[in-house]
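Okay, so here's the structure we're looking at.
Which chain is which? They are A, B and C, in the order written, and residues in each are numbered from 1.
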């Protein structure tokens, strides 16, 4: 293994790097102009896909780099959604400000919750987080002001405060989704290239080795847990702004916000930034294809996830990387 | 042919790191062999490869006339090849008796029974219902050897059985080896204590950096030869 | 009298939860493996009994025996064919594979039996009760289930501490890596552990089928109950699982008394309190 630092600015001509850079710019450009070319249905689908991308990046950051397998991140999707509704409806916070604020409050709540969850290790942590998400779901149903078990809708006046016309609202909401997704990808990328990234990569490769290098493994994991809780809640707040209605079942759905998200990350490729992106594209393509399959679609999805674990647990991107496809988001400082 | 175990050109890798470079080694029926060598010479890797704990597909290892390379460790064990692992590795939640009985899981019966093992190591008799963790280091080693004997092996591999034990205890444990031999069991003993190895063995192999650097009977080998084979430097 | 009644009902419920938990604890103990689809296998067993009793017209007891044998065999095979291939240091593959199985099972049951709620009639036995004094009545079905649960745990205890298989399971739990040096195959031992766990799951699932209504989606919450009973009771202790199940059952009974929506929540809260105060459980071994 040779140590080599990836230069931040590339000197010399590298066609592969130029091509990937061009591809990123084109992709971001196409997405950034979507309200001008996409149909209303496409725009809604894109918003949903961008939300899933953000959720997938958060789960990937947690599981792929710190090894914390959570089956309970729906706790923060739902918490973000409910906090957003509460802040916007009862605290009078402007709708677009209520979204980041909900994420901030969720991060605060994640501190004691994380303390509790961290008392469990490995697979027990996974199920423990699920119990906590269930507690959140059952508690949400106990607040009559938030609609109790049957849920609540966002008042029309609040929705209209974003923009008067439906088209205008959808454009604004699209850019919120676009911003959140961009933030999740860029945030994870920058985090991994920072001093923290070294610690995270060390933890991913070997926890004992990281600890022997002086990394405070527990603290780093906890900080990442809080950060992903905030990112997940941010996305959750947006998701329920887009849906305009929230119920405990929808907000804390394990299938929607854990199973789908985990399958996206794992099928795409865990522990890479490209994996979740690829996973989201595949997931939505498959969903489009299987629109009429009903339960068979879910059976198929579960089967694919199992197949990935049996055939190549690095996922599609990991398998492509092993066959020489270059990294798009260079985060590694050490070349293997 | 009287060869019980015969390995030819054995290699082993940990990723890119090569640990064994073509080891040729054989054990005769009833023979006691000692393998000596410094830390990292490949002695334990050799035993782990022979026993099937490390993958050995495509290699050439014959035991009792049959090719065993690539077989699962439990299959090799059931053919009569048993190992006392490095560090003893008793099962902490099992009593002494249960630790011994579990050694017979492969179903090989013969002279070694629970009673016979307890006769070999009388110190264990009164502690047979104690947990493995409550024993002294020497007693733990006795359990580990007894556990391996419970499968009535044709060949018993002992990995560093004197490690970390007081000289008196080491003598006690080595006193059992002639009693094991006498029942026809062949032994391979990995030992860092050269004197101890020369005393007990019919033949000695010296490993250095994954190669056999010397082999022969103790009486044929001079101390200078052994030191050179062991440390790899010319000794004046 | 109300308190006593609550304690009795909760305790009887706890027997069932102990059975949910025993299979989970067994698999985790022997191979550090958590089956996310554990609850769904309980529900599958319930549906199998439904088919045996309502479609094939078998007596419930014959049905239970049949389902138990079927599940034990399926558990053994499933471990050998599928789950052994994803067992290693990395916990993601087993979690993900069983999560995938959970989704598949739920939707396959949905496809086969619809989302309708079902129940297996226990032939009048389910409504019979034993009255103690004027205010306390103990249902015969819950009582016999509780006794059966203790019987199953007793059999597990006997297997663990008085058979060679039990010795092997304990050794494997201690240090699976060197068990092959004892002449026993890990793949086989793991599969036997799953086979036994699946038999317990089947007994639990068939009891559930006669006790309450069930539908394809209730598996995950049974997994959580099982998990909570294991953690409350503490690892490495068969009877701790019973204590954990009873504490969970009593907590749920008290919660249900306060408010119907509080039943499950109260159980979760009891679990979280134990986790906060005694993360290794109340009756953990050493």
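By definition in this document, a contact is a pair of C-beta atoms (placed from the backbone, for glycine too) under 8 Å apart; a residue touches a chain by one contact, two chains touch by 3 or more.
Computed from a predicted model, the values in this text were never measured in an experiment.
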item: Both-way neighbours, i.e. chains that touch subunit C and touch subunit B; value: none
item: Centre-most chain, if every chain is reduced to its averaged C-alpha atoms; value: C
item: Euclidean distance of C-alpha centroids - subunit B vs subunit C, Å; value: 44
item: Mean-CA-position distance for subunit B and subunit A (Å); value: 53
item: Subunit A-subunit C separation of Cα centroids, rounded to whole Å; value: 33
item: Two or more partner chains touched - positions in subunit A; value: none
item: Interface residues, subunit C side, partner subunit B - complex; value: 164, 167-168, 170-171, 173-175, 177-185, 236
item: Touch list for subunit A against partner subunit C, complex; value: 63, 67, 69, 71, 116, 119-120, 122-124, 126-128, 130-132, 134-135, 138-139, 141-142, 149, 254-255, 259, 262-263, 266, 270, 295-296, 298-299, 301-303, 305-306, 309-310, 313
item: Complex contacts: residues of subunit C adjacent to subunit A; value: 28, 32-34, 36, 82, 85-86, 90-97, 99-104, 106-108, 110-111, 220-221, 223-224, 227-228, 231, 261, 264-265, 268-269, 271-272, 275-276, 279
item: Interface residues, subunit B side, partner subunit C - complex; value: 51-53, 72-74, 77-78, 82-83, 85, 89, 91-94, 98, 101-108, 147-148, 151
